[in-house]
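Both complexes below contain chain A, partnered by chain B and then by chain C.
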Partner chain A sequence: MADSMDGAYAGNAPLLPQAGWRRPAWVLAALLVVLALSQWPALRQAPLAKHLLTWSPALLLGMLANIQISVLAMLIGTLAGLVIGALQLSGLRVVRVLTHCYVQTFRNAPMLILIYFSTYVFPFEIHVGAHYVAFPDWLKVTLGLALPASANVAEIFRGAILSIPAAQWEAASSLAFRRTQLLRWIILPQCLRRMLPPWMNLYAGITMGTALASLVGVHDLLDTAQIASTTVNRVDFTVAIYFTTLLLFFVYCYPISRYTHYLERKYAFT
Partner chain B sequence: MLQLLSQLVAALKGIGLNYDFLLAADERSAFLHGLVVTIQLSLATIVFSLLAGFALAAMLVSRTRWIAFGARAFVEVTRNTPTLVQLYCAFLVLNMLITQALKASGGNPLTPFIWVVLVISLHKGAFHAESLRAGIQAVPAVTLEAAASLGFSRRRQLWLVQLPLAVRFALPSLINNLVDLVKMTTVASAIAVGDVTYQSIMIWTQRDNVLELMLLMLAFFGLLTYLVNLAGRRLEHHLRMPGYGG
Partner chain C sequence: MPLPESRPDAAAPLVALRDVHLAFGRNAVLKGINLEVRRGQAVSIIGPSGSGKSTILRCITGLLKPHSGEIFLDGIDVRALKSERELIDLRKRVGFVFQQYNLFPHLTVLENLVIAPTRILGRDAAAARREAHALLDRVKLSGKAAAYPGELSGGQQQRVAIARALAMQPELILFDEVTSALDPETVGEVLTVIRELVQDGMTCVLVTHEMRFAEEVSDEVYFTEAGLIVERGAAHKIFSDPDSERTRSFLTRAVNGESDGRRQARNSFSPITFDRLKFSI
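So, the complex of A and B:
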């Protein structure tokens, strides 16, 4: 992870600009907010703002769909990934080879292809006993995103376990910890720490992947923006709606990325 | 050759995979053309993303505050928004505005292909820039002091000392980015660039053989990413300097 170097090497970077760039950014943001508020009555009457206000609930609902898909995909992906990651460290060679193939395939497959795969190959309803249960598109997309998520979580988990020095295992067993105790109290707490930053990176990546859902007809944020753009059919609105979409994704993903960065610095070399 | 192909298709049909489209000349050539377009896209974006990455990295470490701030803002926005949304912002918005502006003077020369190359290059360029910046930071301060004491100007320090070392530090993560980039070219299908994904969609809407085409595409992208990885490893080995990196 290139980013994890930041904390360690920040000290010897005399040629780099300091964190001072934040100040003009805040001033600029504050100015924009003040400007927008002072012009608010006039702005509200402008046709562009009217259209944007009309469409904003739909946009937010679309965004909610993206968040729902990403959270569920990450949940499934994490549970599956932990099992697969543990199996990758199995004593049985067959199990190791099979899980390795799984991880390599789904880490290297383009997300869009996996989304098409899950959308078109899975059935549109499932036969459970005498009932037909609908298998909606958003759920298929969720599973399509859970595949690469699980492969990546497996790799993160495996990497974390292997990164714990063997001396830790030996020291703990020499202190008469049982294997379960050793895992519970010594190894896993250290693993969790190391897994958290890459896991959050992965979550941000999966969230950005949910935008691909619009290509298979799921009503997400980007799909809503497209519908709005063709319905209103104004040049300025089209510009505004797509950049609002960009902004909404940024507002959701940027804090995650900052927090990941903070954690990486905090846990670097400990 | 064709006979061999039809035997292969027949054999695959035996295990339940329908590759009949390979026997229809037009669909076969469309699919092959899609493969070529994806390779062209990948090569063009690899080159331009690296150029963009170097330029952005140089801006990120610039002492001029506004340049550094602008580059930082661009990198953060690019890294934290979906590529597809960026592509739409570029193709559906900027392209539309350009088309309107150039209506009088003979139309818009920018094709969807160019837009995809532009967007993915800038997107991955931001990731390259971050990798390179981390590499630049990893160059020990004493090395730079030594260069400064030898009378290197700041520009020459950056190009002759800092960047060559930074590239070596950053290479593993640059290669990761390039593998990601190859996978990312699939979004080109969203704006109807005739890449392999687009051609496959065209074929499977006719023949309903999604699984078969998926397997072909996964194999193709597996091969492409393997080749990028291999080339990267070779380069890493070639550039390796004793005392720097693993």
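So, the complex of A and C:
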């Protein structure tokens, strides 16, 4: 047993890339730097740098909108997804079929369509008693992104629970665990570890999806970049600002993907 | 729900199965099993693979429900237990050790031993930890309390699994082919632990392919084949002079080919090793 485990370690070790520069992400990063450097003569020209400096606070504020939407969408999506994922394993066939339909519908729908859907289906304000509560576009986009997030979280959760071997249920049952105790102490802790990497992947995907918010008029990073581009109206500035936009997303999403990768490797052997 | 008072009647068997039948779909696994285990006895169930040995153990602890027949554990009708609560009360009294150890991979060795006594029996955490350390000493793994199951050898994991069952202070322990998944070198260390348990008077039911061990430790041996008890009797009688021709030919092959059988067991284990690795990913 010990030998076979050691064998697995030894066998897998060379597969883990030792040279970081081989990884596509690093290539992309290097490419971005090279491109930025190739633009350096243009960048050095005072007007361009000045424009970029002028617009950078607005860009960062726009990025904050993206982060806000992604975090909230993921929060709603996770809470809903855990409930739906649990219902997918329900003993009632009706519940299973309904949740299955929900998951398949929203997992296989393009995010942009869901964003349009939520933007035009929900009212722009809600009548609560004597008050009108505004229902802003960014919140609608958040809900639009929470739909696919919830469907994906449900699937991740269901998959994680099913991936726990039946022997674990049997072992815990034989130790007199009740079903709820078994889930709480044995199954869910093991699920959490397995869910974390795909969950973070999903978050990175949702974050990138927030760029679509600009299409329905949410004032986010991409929208700010577009405004900046038309306002300044210089070709080099347009190129530079879209690079900056790309870079901002990259700087935010890349560490998440790296950390996910790290977690995947870490939990592979524990 | 309080279970009926356990009767100190030494004559009454702790476990009694009468004419137990069980089928998976159309595949009849148990076709009328009769079995009795008295307090303090070690009973071995031997027989070819697929003869329903492990199924018998699972019926005793209520993991499987037979279709007909009676199962009594200390006078409690196991088949009549309907609610989760009643089954839980039963399982608190019966330990189970699996072929594949089935330790909880996300918990350390110590946590594996402590979780059930504290969470299920509500014992004091410090006392449970002390007891767990004592049990680890007993299975000679005192240095491994902080290790995770994945870091241990098969034999070590199986000893942890035995300690985990003991931590619940059961009246009866069921061993389901606990050495079949082990390397030959580590079988001995597990058997030593079981031997000591039997000597300490723990009531044990062993499903095993270790014929020499079964002969050595058992008070009584049952030979099963195709869902039926072919023969039962005192260990020395079964192994030296069985009544049934079937038993005789099985034992001749099993004892002579023990090393062969062992190798086979190892081979059959290799896909499971893979499974266990996959499960930790």
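Please note the rule applied: the second predicted complex is superposed on the first by the 225 of 270 C-alpha atoms of A that agree within 3 Å, B and C clash if a C-alpha of one lies under 4 Å from a C-alpha of the other, contacts with A are read in each partner's own complex, and residues count from 1 in each chain.
In this section, contacts are C-beta pairs under 8 Å (C-beta built on N, C-alpha and C of every residue); 3 or more make two chains touch, one makes a residue touch a chain.
All figures in this text were calculated on a predicted structure; none of them were measured in a lab.
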Touching partner for A:Ile186 - first (chain B), second (chain C), both, neither: second
Touching partner for A:Gly209 - first (chain B), second (chain C), both, neither: first
Comparison of chain B and chain C by chain A residues contacted: B
Contacts of A:Tyr262 with chain B and chain C, given as first, second, both or neither: neither
First, second, both or neither for A:Val121, with chain B first and chain C second: first
Touched partner set for A:Phe135, first chain B, second chain C, both or neither: neither
Footprint overlap on chain A, comparing chain B with chain C: 1-3, 5
Touching residues on chain B, where the partner in the complex is chain A: 61-63, 65, 68-69, 72-73, 76-77, 79-86, 88-89, 92-93, 96-97, 100, 130-131, 134-138, 140-141, 144, 154, 157-158, 162, 170, 173, 179, 183-184, 186-187, 189-190, 197, 201, 204, 210-211, 214, 217-218, 221-222, 225
List of chain C residues in touch with chain A within their complex: 61, 63, 84, 88-89, 91-92, 94-96, 98, 100, 102-106, 115-116, 119-121, 148, 150, 152-155, 157, 164-165, 168, 182-183, 186, 273, 275, 277, 279-281
Chain A to chain C touching residues, read off their complex: 1-5, 8, 163-165, 167-168, 170-179, 181, 185-186, 189-190, 193-194, 267-270
Residues of chain A that touch chain B when the two form their complex: 1-3, 5-6, 9-10, 12-17, 20-21, 24-25, 105, 108-113, 116-117, 120-121, 204, 208-212, 214-215, 222, 225-226, 229, 235, 238-239, 242-243, 245-246, 249-250, 253-254, 257
